[in-house]
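We just call them A, B and C in the order they show up, numbering each chain from 1.
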Amino acid sequence: MAAATLARRIGRSGVLPLCCRLPAWDRATRPPSSPLQPPGLPLAPCRSFSNNRIQVELDESSGVAMMKFKSPPVNSLSLEFLTEFSISLEKLENNRACRGVIITSAVPKIFSSGLDITEMCGKSTEHYTEFWRAVQEGSSPAGGCLVALSCDYRIMAENPKFSIGLNEAQLGIVAPFWFKDTFVNVVGQRIAERSLQLGSLHPAPEAQKLGLVDELVPEEKLMEKAAAVMAQWLALPDHARQLTKTMMRKAVLDRLVAHREEDIKNFVSFVSKESIQKSLRMYMEMLKKRKS
Amino acid sequence: MAAATLARRIGRSGVLPLCCRLPAWDRATRPPSSPLQPPGLPLAPCRSFSNNRIQVELDESSGVAMMKFKSPPVNSLSLEFLTEFSISLEKLENNRACRGVIITSAVPKIFSSGLDITEMCGKSTEHYTEFWRAVQEGSSPAGGCLVALSCDYRIMAENPKFSIGLNEAQLGIVAPFWFKDTFVNVVGQRIAERSLQLGSLHPAPEAQKLGLVDELVPEEKLMEKAAAVMAQWLALPDHARQLTKTMMRKAVLDRLVAHREEDIKNFVSFVSKESIQKSLRMYMEMLKKRKS
Amino acid sequence: MAAATLARRIGRSGVLPLCCRLPAWDRATRPPSSPLQPPGLPLAPCRSFSNNRIQVELDESSGVAMMKFKSPPVNSLSLEFLTEFSISLEKLENNRACRGVIITSAVPKIFSSGLDITEMCGKSTEHYTEFWRAVQEGSSPAGGCLVALSCDYRIMAENPKFSIGLNEAQLGIVAPFWFKDTFVNVVGQRIAERSLQLGSLHPAPEAQKLGLVDELVPEEKLMEKAAAVMAQWLALPDHARQLTKTMMRKAVLDRLVAHREEDIKNFVSFVSKESIQKSLRMYMEMLKKRKS
């Protein structure tokens, strides 16, 4: 039962990229007729739905859903955003017509600025706990970590002004182990070590070179390319692809599931420190100055 | 004792590459005078021997054996083929004059088409069990997985018409975890994940770029190059090279040994499903149509 | 408590590269004001100090220490050298003004020839034990393995005459598992497997291509580049960078700590074998002949 859920979740979902400054096209796929899925499950019709911050459209003929982040100015991952994200994924998961999801942004020039720093600053312990649980949930514990890294394929606009990375270290905080595990799965240990220690945001060409994104295309070709890649992946039998994906990501996933509560405690205790609060306030000041 | 066996097996052997459509030159090496080997072991003279499907010649002066698959039309890995393969490796293993093996094909234009699908289709549970055990055996549980990936060095003809990969997903089945582990050891997690999910067969130039093969050479230079590479590896003291190899592959090997019976059960149960049988029949139909 | 020690050690130190024939600039960094550090720790003033074989200068304004190996002819890692190295790192570790260390050589054309073979040849069991413990200590068990590989960034003179690698296999011996683990962390499993089995010493351009060094610069630019890279790393908040590094290297470190005594026993037992002693003597003979 648990396995079925995990498998299905892994099958299609992802986790939000932290500080992913790109109008990227990410995709994840999911089996509609998995052998693990109870056969009698009723179809939940869902052609399109929209919350405050996320818009979803499902093409039932192709089985491909388009999920667009629309939370200006920068699609930052607040508690509310993450909750909506989690619910949207859940809905698609329960819709047997959905075989894959393309995740993108409706806000020009940005995919997501990452975790919302204001959620980590000057709030209560209860709030931090709730926020971090939402990060884990929205990030689909079954899927792994970051939206982009958890997807099956990453396409980015070939504009050196756009960048992607995990910049926690620059804020004076540390990426949780399951962000790290997922990052390592994509780019390997050495690149991850350097990038995470420096909190690097990699411009598109560098990101591709490092393997952080799979492909760069002109901005106007993003949708077209995403659809083409999705078609390529959906050409495979769903159950075989899904079981393979589960096998590939099992170790990282199991580790997150096993240490989930511990991870929340660590985050809350860390972020509650006055020194960390000070770091975060300084970073926010710096961001404000940069804008003005 | 177990360690000695493992070490010696790891020392030279490999596992057959699934759907490896290339006249590749693969090699594996083995220590004749390992500290782990009982000193009094009698030499089993073996200059050359041939079964129905595999031909072996050993040059006792250099210690290099040449193993050629000769099971037309496509050297597919049937139960009989795998049994012969296992026996051939065993013979070389027991021959102290043998220091390394070059594995290639006597069938033009193909190394091996991979596991024989007819062995997985319409047979009895007993047959599936026996077949999968032979895959594990022939694949030398000590060595890892696929012949090519388990070898120390992979040389392929530089012809984009030849391809190599693990295409299970295309057949609707899933590579076992120890194929996956070995694949990851060679090309890394990310490339393995994408390649296995898509069941990709990579043309030679791409295979080299991904690290799936080490070198491409013109077809007529394969033998020459294989001999040169073998000489380079045999220049090292056998025991040091062998122990290093054991150390590098120990984790993957231990995992296979620990979960071997479970892996057989999984395979038999999976392949016995009517849905999987249907997938395999469809794939065979498709192959037949392609030929005609 | 242990964690604090580990974290701080990991924060800055490294392990000597075995047979690293390069005037390389390696660096490692360390947090002066880590949250893990007891706040009342008195500053040990240490502007510069020098033992017989290692010279250290600390620029207290930048927090950057320069450590130079000066044990001609080849900075080989003898028991005495490793002891001094360990003490020097310890001193810097206890100096809160020190945030990072640049490790280089005062001997022209060589960084270090690696472990001193004479320490492994014709000595007593007690001596082997003491030596290997010093290798582990000097190598900073907390940091990982080899000096260069344990550093955060590796810069090498772009001269193909200089080379770097772990050439144990050429001597007929085997790199310990924690050398291997660290090597794999930097270059990945496949490159490590081939390089360790062949005992390869990679010329600078190849070393960079394999990821064994991060950057090549003209020899006269080494110092300048090392300082620039150090500045880039020290721009990050120390505690975040340090915790990230700890997280990245924890698995390898834990494994070494858990198997330390076993590793010493293995080394002593292995190196005490007459066959191994013979291999080492032959290698030394060969080196002598090459010189004359």
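Methods note: a contact is a pair of C-beta atoms (placed from the backbone, for glycine too) under 8 Å apart; a residue touches a chain by one contact, two chains touch by 3 or more.
This structure is a prediction, so every number in the text was calculated from the model and none was measured.
> Taking the touch definition from the header, please name the shape of the chain graph: line, ring, star, complete or other.
complete
> For the Cα fit of chain A against chain B, please give the angle of the superposing rotation, nearest 5 degrees.
Rounded to 5 degrees, the superposing rotation is 120 degrees.
> Roughly how far is chain B from chain C, going centre to centre by Cα mean, in whole Å?
38
> Where in chain A do residues touch two or more other chains at once?
188
> Considering the complex alone, what residue numbers of chain C touch chain B?
By the definition above, chain C touches chain B via 168-175, 177, 180, 188-190, 192-194, 196-199, 273, 275, 279.
> What residues of chain C sit close enough to touch chain A in their complex?
Touch residues, chain C against chain A: 35, 152-153, 184-188, 211, 214, 232-233, 236-237, 239-241, 243-245, 247-249.
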